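Both complexes below contain chain A, partnered by chain B and then by chain C.
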Partner chain A sequence: MKHLASYMLYIAARLGLAAITVFGVASLVFFGMRLIPGTYADLFFPLATEAERAEINAQYGLDAPVFVQYVKWIGAMLQGDFGTSIVTRGPVIDEVVARLPLTLELASLALIMIAFVGFPLGVVSGMFHGSAVSQTGRHASTLLMSIPNFVLGTVFLYLFSVYSLGLKAGGWSPMSDGLLENLRHALLPSFTLSITGLGLVLATARSSVLGVMGQDHILAAVSRGLEPRAIFTRHIFRNSLIPVVTIFAIVAGYLLGGTVLVETVFSLDGVGRLLVNSIIRRDYPVVQTGVILTAAFFVLMNTIADILYGFIDPRVADRQDG
Partner chain B sequence: MAETDIAQAKKAGRRKGALSVFFARAGIGTMIAVALLAIMVIVGLAEPYLPTTAAKAVASGPRRAPPSTEFIFGTDNLGRSVFARILEGIRLTFLLSAVAVFLAGVVGSIIGMAAAWYRGVVDTLIARLADILFAFPSMIFGLIVAAILGPGTLSAIVAIFFIVLPTMVRVVRGAALGIVGRDFVVAATISGASTFRILFVHVLPNVASVTVVQMAYLMSIGMIIESGLSFLGLGVQPPLSSLGVLLRENSAFMNIAPWVVLAPGAVLTLAILCVNYVGDAARSIIEPSQPRPLE
Partner chain C sequence: MENKNNGLDRRSFMKAAAALGLTASSMGLRSIAMAADGGTFTFGRPWETVHLDPHASQLSSSWNIQHMVFDSLVTLDEEFNVVPSLASAFEWQGNNLVFTLREGVKFANGREMTSDDVVKSMDRALKSKGNPWGLMMRNKKSITADGNKVTFEFDGPNNVALYSLAATLVCIMPMKEMEDGSYDGAGDKYMGTGPYMVSEHIANDRWVLKRNPHYWGGPAKTETVVVRTIPSTQGLIAALNDGSIDGAMFIGDPDAPALLAGAANISVATQKSTDFNYIGMNCVADDSPFKDLRVRQAVALAVDRDKIINFALAGNAEKTYGWTQWGFTDDSKLKFREPDLEKAKALMAEAKPARTTVKYLVRAGGVHEAVAQVMSQALAEIGITCELETVDGGVWAKRVWGTNPSEMDITSSAYSGFPHPLITAHWWAPELSGFTKGYVPVNEEYTAALNAAVTKATGDEVNASLQNLYEILNEQCVKIPINVNSETIAWRSDRVNMTPSARQSQNDVMAGVETWEMKA
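Presenting the complex of A and B:
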């Protein structure tokens, strides 16, 4: 009972920290955007008079002192109002939501590949320690983490424009126009997005299985004469899951923010490219909202990882230090 | 008797220097990585004085010539030697990341040790700030920095510095926390050593190895960020070339002259791979059987 209470306290503390972090990111992006020289009016109406530009700025509340703008914006956001896009003049949230399915699909497919390719390969590579399989797994994970995703994407763009193999490099077809066509466009960019996480999960699963296999209770199980199959499923596999689950949550959080370069290489109109274009166009509210959503997702995933870790290993929750 | 013991201990200690342990345990793969890395660093440093610099000029050869003995990696759309530009790319990609990561290593060590030493409010504040920087999507952060400072080498360095800094702070803080409670630090405190002396004479040498290993990993992250920013057109500006710039400029000609993209892409991957291998080998000596962290 005492343990449950301390555990709830731990979760509450973690969520509080997550909220503070997201608030900090929001402040950083707000003031960062305003440090960029030139406003939307300066960039798009260079021939307008000073008075006309001031009028455009006033329309979007950009004439008020920066700190007043900041307080107003935070207040509006807390009520769920993310503001109006300066460029399209529509609600920011519509702009983001229109592009979210593409980015979410890329990230989800990447995560599926990581779970069903990276994880099993890591477990196998860890089980056959010292063999060629194990060494291959180690080198493969380092290689996967060393290829910048835009390099792989560019190479794919070349290879698959020459030999299509039924896959499309570049462009997009939404899921509503048929799942097969959609997957033909989505597979290459999502694999490109997945490689860093693939390498990381492979390496983590591998070293985790290796670590568990070296422990005394495995030796004890072997000497009791248990079936190898039972030793694997009951003793090795479950124990080695602990670090993998947490790294998996962290990778998931990181994927959503990692789509910028992949979307650029494959000319995809997702959240990453929206953010890039909005920075260039000084569309403050869109950048702010996009960054906050990405960071909030990242922080949430990290928090879940922390909580899972505390759940699996209660000593973590008891320690309670930042 | 006691003196010979000390002499022997000193001798033994000398024999097990960090570098000799590194090479004694390194496999053939690590050796190759170290050698390639050394070649790349030397070539990068010497690049302005190499005879290849002339071939970076426009119309040094025919346009989009395929790889040949004269132009190992062929020429680009303006008749420049891709090989010569890759050498300059290696120089800038390594140099920018190394400067940024080194600065982050120095600043991160000081901040991390301060957090571990003062604990309390200072520690909490530093931890929160590190969390905030860490949660900020890194490529978007780089873009905003480039927009504020103007695209170029300075913004690339500043962006890499702030992107890798929180990791450095966390790692040093974690390592320093295990040191500040040890008896020799308590003894130093009792004998009246200043905070400065305790941190730099007693704590720093004990966290230095972890810091160096982390810097190797952050170096690879720095190279990925630098080339990514340059690929988006916001890092190094043409006609200077970093490996990312080459990929950006040349990707339009990939279908007619694939070597202009494949060569810099392969060199960039190889460079990062070597850095990672050396980092892995160094880590396995200091912290055996630990997986590498993300970023």
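Presenting the complex of A and C:
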């Protein structure tokens, strides 16, 4: 009971911290965007007079002092109003939410590949230290982390568009048109997105397993005559998981950032590409909303990782409790 | 045991996570699948239409879609002659330009276009913020309708009016529907008198256009045109190769023809454009070395257009010495044409500028970075060191157009050339077109000559005035035109019959799309 209470307190503290972080990101992006020279009117109404450009700015509330704009925006956002796109004049939340599923699917598939390919390979590579398998794992992780994803994406674009290899390089097909067709479109960009994370998780899992295997309690378990399978599941796997979970949370955040490049290379209409275009066009409301939702997702992933620490290793939550 | 006490175990967590992921993935995913009726032509282009209101669209990147939906009173043929469009005939009667409206023209909703739509569209367009056509028609007294005649009354000649009217900036919109609120003139559900109307627009991704059943030129051959935004050249080529698109434009990428060479079933054409690249120098800022005419002239003599075209533009461009396109003016009379380093160095020695390290502001994207690289080497030859700074379009616009004096010494950029050179000539007169006032000095002689060329000259005087302007600008060297662009159009010859126009102006890359036909 005492442990449950400390665990709940731990979760509450993490959620509070997450809310503060998202608020901080919101403020940063709001003021950051306004520090970049040039407004929508400067960019797209070059032939307008200064008075006309001022009128266009006023139309979007950009004539008010920045702090007043900020307070109004925060107030509206707290009531669920994320504003209107300056470019399309549609509700910003619709623009972002319409593109979220694609971006989330890409990131989810990439995470799945990392979890089910990178992690097991890392564990195996760590378990068989000194063997060819281990060496291969080490070199593979370095190689994967070294390839920029836009380079791999461009190579895929060429290979898969010129030769009919089954997968589609570019464009999108929703799940509603069939899972197989969806996967034909999603696999290449997802894999491209995953490679850095694959390498990172492989390397982390490998070194984590190696570290745990060198500890005294493993030697003691072997001395006690425990089955290798039991040693792995009870001692090695669980203890080597915490650094991997940490890396997973970081990789999840990186994946959302990585979609910017991957969506551009593969011409996919996701949140990443929307954000880049909106920054270029100074469409402040879209950038602000897109960044906040992305940041919220990233913070959520980190919070989940924090909560999982407490779950995997109860001592973490107990320490938080004091 | 503790896990169970917490009411959360690994297995239930994984199940919940998987369910959440699947739900998120299936939520409202949008299709880019093409209609399977065989009548869909899918075209790729590297940019998106940002200005939605045609009357306020000041950047050429927005005009491509608008050309397919909206018509103007007149249009251009491939030789850039003004030819009838919504007006079946036009003539000058003294200082009045009289249009006879074509009979039976209907908007895509089936309503007949009236002279009221024309007069009100013109009024709206010319009053739109920053629409430069108000400037072009500065001596207009009135626009009136009488039956199927619409008359533009001027207080003298106007030598750009007719050409100006062949643009989407002054297209005819359904004003009755705009007034009763059933059509949003500033929105993206375009409905005009052109061959297509918009059925769907997903910003940054695609426009879906359906055949306008009431098009006055007869129904377009292809039922649906999908225009997709594919930002990279590699993406466009991949989509052409795998058949995701049937055609593509490669604007601003001179390497495209080489990249497309040898591709199976892909035809490639080069389209001459009136768009041109130029070098601009700051002649307004007190500390700019380019305030000194001799330094600017030295730069003009250091410019090697062949080198720029070969190194920065992959040889796919045509050099130009002025802003005018083919046939209007006589280049041989210009003083600053071919490179002459000795003369340039002599001018620099005479000028002895206090500062020889300059800030070269470059707009990111397109060919400007490569042009700036070649230019900075040319300037080094005459003792000018360039500090290159590449910035995005917004920062560039603010520093060059939105600040006075402009926050740069020299820059590379491009103008959308128009079918008549007198239109573009206004961008050298900051009193008339304010956006260049941060770096282009007021030149009263030039502005007076421009005003006279537009609103006073008649007959042969027009071209003579143009030549005069051309020579003034060549000698002043504030902006140095480098080349007119050639754009690359590619299409799947096994899937579509299409003939892109050999020349285009105002980003009408898909001119004639209504005649393009999918193969069975």
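Just so it is clear, the second predicted complex is superposed on the first by the 294 of 322 C-alpha atoms of A that agree within 3 Å, B and C clash if a C-alpha of one lies under 4 Å from a C-alpha of the other, contacts with A are read in each partner's own complex, and residues count from 1 in each chain.
In the analysis below, a contact is a pair of C-beta atoms (placed from the backbone, for glycine too) under 8 Å apart; a residue touches a chain by one contact, two chains touch by 3 or more.
On a predicted model such as this, the values are computed, not experimentally measured, just so you know.
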| item | value |
| --- | --- |
| Touching partner for A:Ser176 - first (chain B), second (chain C), both, neither | second |
| Chain B versus chain C as contact partner of A:Asp42, first or second or both or neither | second |
| First (chain B), second (chain C), both or neither touched by A:Thr264 | both |
| Partner chain in contact with A:Thr154 - chain B first, chain C second, else both or neither | both |
| Chain B versus chain C as contact partner of A:Gly32, first or second or both or neither | first |
| First, second, both or neither for A:Lys168, with chain B first and chain C second | second |
| Touched partner set for A:Gln69, first chain B, second chain C, both or neither | neither |
| Chain B and chain C footprints on chain A, overlapping residues | 36-37, 154, 157-158, 161-162, 264, 279-280 |
| Residue ranges of chain C in contact with chain A within the complex | 2-3, 5-6, 8, 21, 24-33, 48, 50-52, 56, 58-59, 129-132, 186-188, 202-206, 228-232, 234-235, 237-239, 241-242, 244, 392-399, 401-402, 433-435 |
| Footprint of chain C on chain A - complex, ascending | 3-4, 7, 36-39, 42-50, 52-53, 55-56, 85, 87-90, 95, 97-98, 100-102, 104-105, 108, 154, 157-158, 160-162, 168-177, 182, 264-267, 269, 273-274, 277, 279-282, 311, 314 |
| Chain A residues within the chain B interface of the complex | 17, 20-22, 24-25, 28-29, 32-33, 35-37, 139, 142-143, 145-148, 150-151, 154-155, 157-158, 161-162, 200, 203-204, 207-208, 210-211, 243, 247, 250-251, 254, 257-258, 260-261, 264, 272, 275-276, 279-280, 287, 290-291, 294-295, 298-299, 302, 322 |
| Complex contacts: residues of chain B adjacent to chain A | 29, 123-124, 127-129, 131-133, 135-140, 143-144, 147-148, 220, 224, 227-228, 231-232, 244, 247, 251, 254-255, 258, 261-262, 265, 268-269, 272-273, 276-277, 280, 289-292, 294-295 |
